[in-house]
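To start, the structure under review is shown below, and the notes come after it.
In order of appearance the chains are A, B and C, and numbering begins at 1 in each one.
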């Protein structure tokens, strides 16, 4: 009799990465990182704020409003970086079913939403003196707003499920669809803008950034990135501990027994 | 109908982070049935879902033997769960014909399926007005209308009266004598008729 | 193919027998488009200018509301479990269900567009553009809706989550759909039609894989 087909699953042998990423071991080694990361964040933030507010000149065109950019640009960058983290984690959840990928996704979503919201808020603050209005239907602002909606939708999906293991996989599907769709949204919004408003607005990009602006920008970007890493790590630890409590509760409920 | 056997080794299932089955194994040659017994929550339904390929395995292996070269696992088997997959709004006969079409069989056995289930006279009625027992019979009629070698039945006699339960027993016995196999999760004894029995797998509840 | 047609045929039969749902959907579409002029005012030239937006927003909302039913009853009564052992892979099942759903929801909306054209003072060209853009765009709306419906299929209180997820994702459809009806920039309309068609094709081709993945997760 020949074998038609079979389903075969072997428990994987723990390699280096498995051991690094095992939830229990992760709690161990990541615990040593929290304090150093907080100190690094505080240091970079202090240096960056000093550069941004005291040690850099006002822009010849924008004046002091350029200083808003030192918060706006890093948070705008992180709003997209968070999604990239979620995207990679979503692949980890769907392909390898790795619990750490679930945890990483769940931890990143609210951070992404907050950084996106800060980017929008600072963008609006910068828009008031620059465009004369808090909200302009500018291509970038609009794409960022849609990104915020996607983050909030994903958070809503997380919260709609009781079973967080299942939620992780549903969210992964949405995250992947969103990842393919976000460039399309960006493109469509840009297309829409050229359709309705051909005039271009001032943009802080390209090679024209003066070095005295570039340095604080880089330091602040570094500071916010490390802030994200710290918060992400702490949230992941919290989530793992929460799941353990949940498992213990379930075990206790089972041990107490029922209809036996 | 291709002859098919089943061999399960060291099956470990985890659902919702909780271990459901640890190290279940059995072998089922063509023409035999396995009755899965055990208290509520012992993993009977999960075992059937795993065999049906609807949930993933933590570890272990499920081997299907025999069958044609081109056949895919999913078209070898019938999975009959708690939910009947009977749709109100379609007639009884339409329900069964739909399944014959979608499961890749011809419609030649549809009438036979309806007759076997005792629903031939009401084939033109809306399936929504059937009683729970009749709905279950209509679900079971799929087994007759679409011949497949593997039957995975989860509490097939639920909602049926004594006569209906006997019918299910005869249906399974006939299937086995034709060389098919069946895995039946049940907490009631099923009467397969004289001289016919099933292997038994008893699952216990684990903390 | 027989299995594919059987699924489409069954969904059409169910939809037409419970024809009330289809009429309610068309009614909703027309009512949304009627309510907006009350908010805007009876200025005919202004309404004619806003007509593309009104038609598309009404279509988007109507499509969004109807998407919830795409997989829900098949999930609830076990049909999806059995379909997974059918002759078709689940991705093709999803595609068949999307096609049936589009015939039952997209086509009636397109058929009702002339009513809106009449009320909003659109001329023949505008009506043609509207109907054609909806013809290209509604399949994409169904596709994005299918993702939302699939990931929330097991939720008892998922009613609002799916629209919140689907609306931002459908934004490009809305942009290109209304863009296709915008006559003010030369060449924009044709470009929008091409982009809309490309988007619809990509969505209809790729999204069944995502929705099927979600339905597999839901089946566990």
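To be clear about the criterion, a contact is a pair of C-beta atoms (placed from the backbone, for glycine too) under 8 Å apart; a residue touches a chain by one contact, two chains touch by 3 or more.
Please read these numbers as outputs of a predicted model, since none were measured by experiment.
Q: Based on CA centres, what chain would you say lies at the far end from chain B?
A: Measuring from the centre of chain B, the most distant chain centre belongs to A.
Q: Could you tell me which chain's Cα centre is nearest to the average position of every protein Cα atom shown?
A: If one averages C-alpha positions chain by chain, the most central is C.
Q: With contacts counted as defined, which of the two, A-B or A-C, has more C-beta pairs across the interface?
A: Pair with more contacting C-beta pairs, A-B versus A-C: A-C.
Q: Report the inter-chain centroid distance for chain B and chain C in whole angstrom, where each centroid is the mean of the CA atoms.
A: Taking the average C-alpha coordinate of chain B and of chain C, the gap between them is 37 Å.
Q: Using mean C-alpha positions as chain centres, tell me how far chain A is from chain B in Å, no decimals.
A: 46
Q: Taking each chain's centre as its mean C-alpha position, how far apart are chain A and chain C in Å?
A: Going by mean C-alpha positions, chain A sits 31 Å from chain C.
Q: Which chain B residues touch at least two other chains?
A: As it turns out, chain B has residues touching two or more other chains at 53, 56.
Q: Show the residues in chain C shared as contacts by 2 or more other chains, in ascending order.
A: Residues 220 of chain C each touch two or more of the other chains.
Q: Indicate the residues of chain A shared as contacts by at least two other chains.
A: In chain A, 166 touch at least two other chains.
Q: Which part of chain A faces chain B closely enough to touch in the complex?
A: Its residues touching chain B are 1-11, 97, 163, 165-166, 243, 247, 250-251, 254-255, 259-260.
Q: Tell me, which parts of chain B touch chain A in their complex?
A: So the residues of chain B touching chain A come out as 4-5, 16-18, 39-40, 53, 56-68, 71-73, 76, 205, 207.
Q: Mind pulling up the chain C residues that touch chain B in the complex?
A: Residues 2-3, 5-7, 10, 13-14, 17-18, 73, 76-79, 81-88, 219-220.
Q: Name, in rising order, each residue of chain A that touches chain C in their complex.
A: These residues of chain A touch chain C: 94, 146, 149-150, 152-154, 156-157, 160-161, 166, 169-171, 173-174, 176-178, 180-181, 184-185, 187-189, 191-192, 195.
Q: For chain C, which residues are in contact with chain A within the complex?
A: 147, 150-152, 154-155, 157-158, 160-161, 164-165, 167-169, 171-172, 175-176, 179, 182, 185, 188, 195, 199, 206-207, 210, 213-214, 217-218, 220
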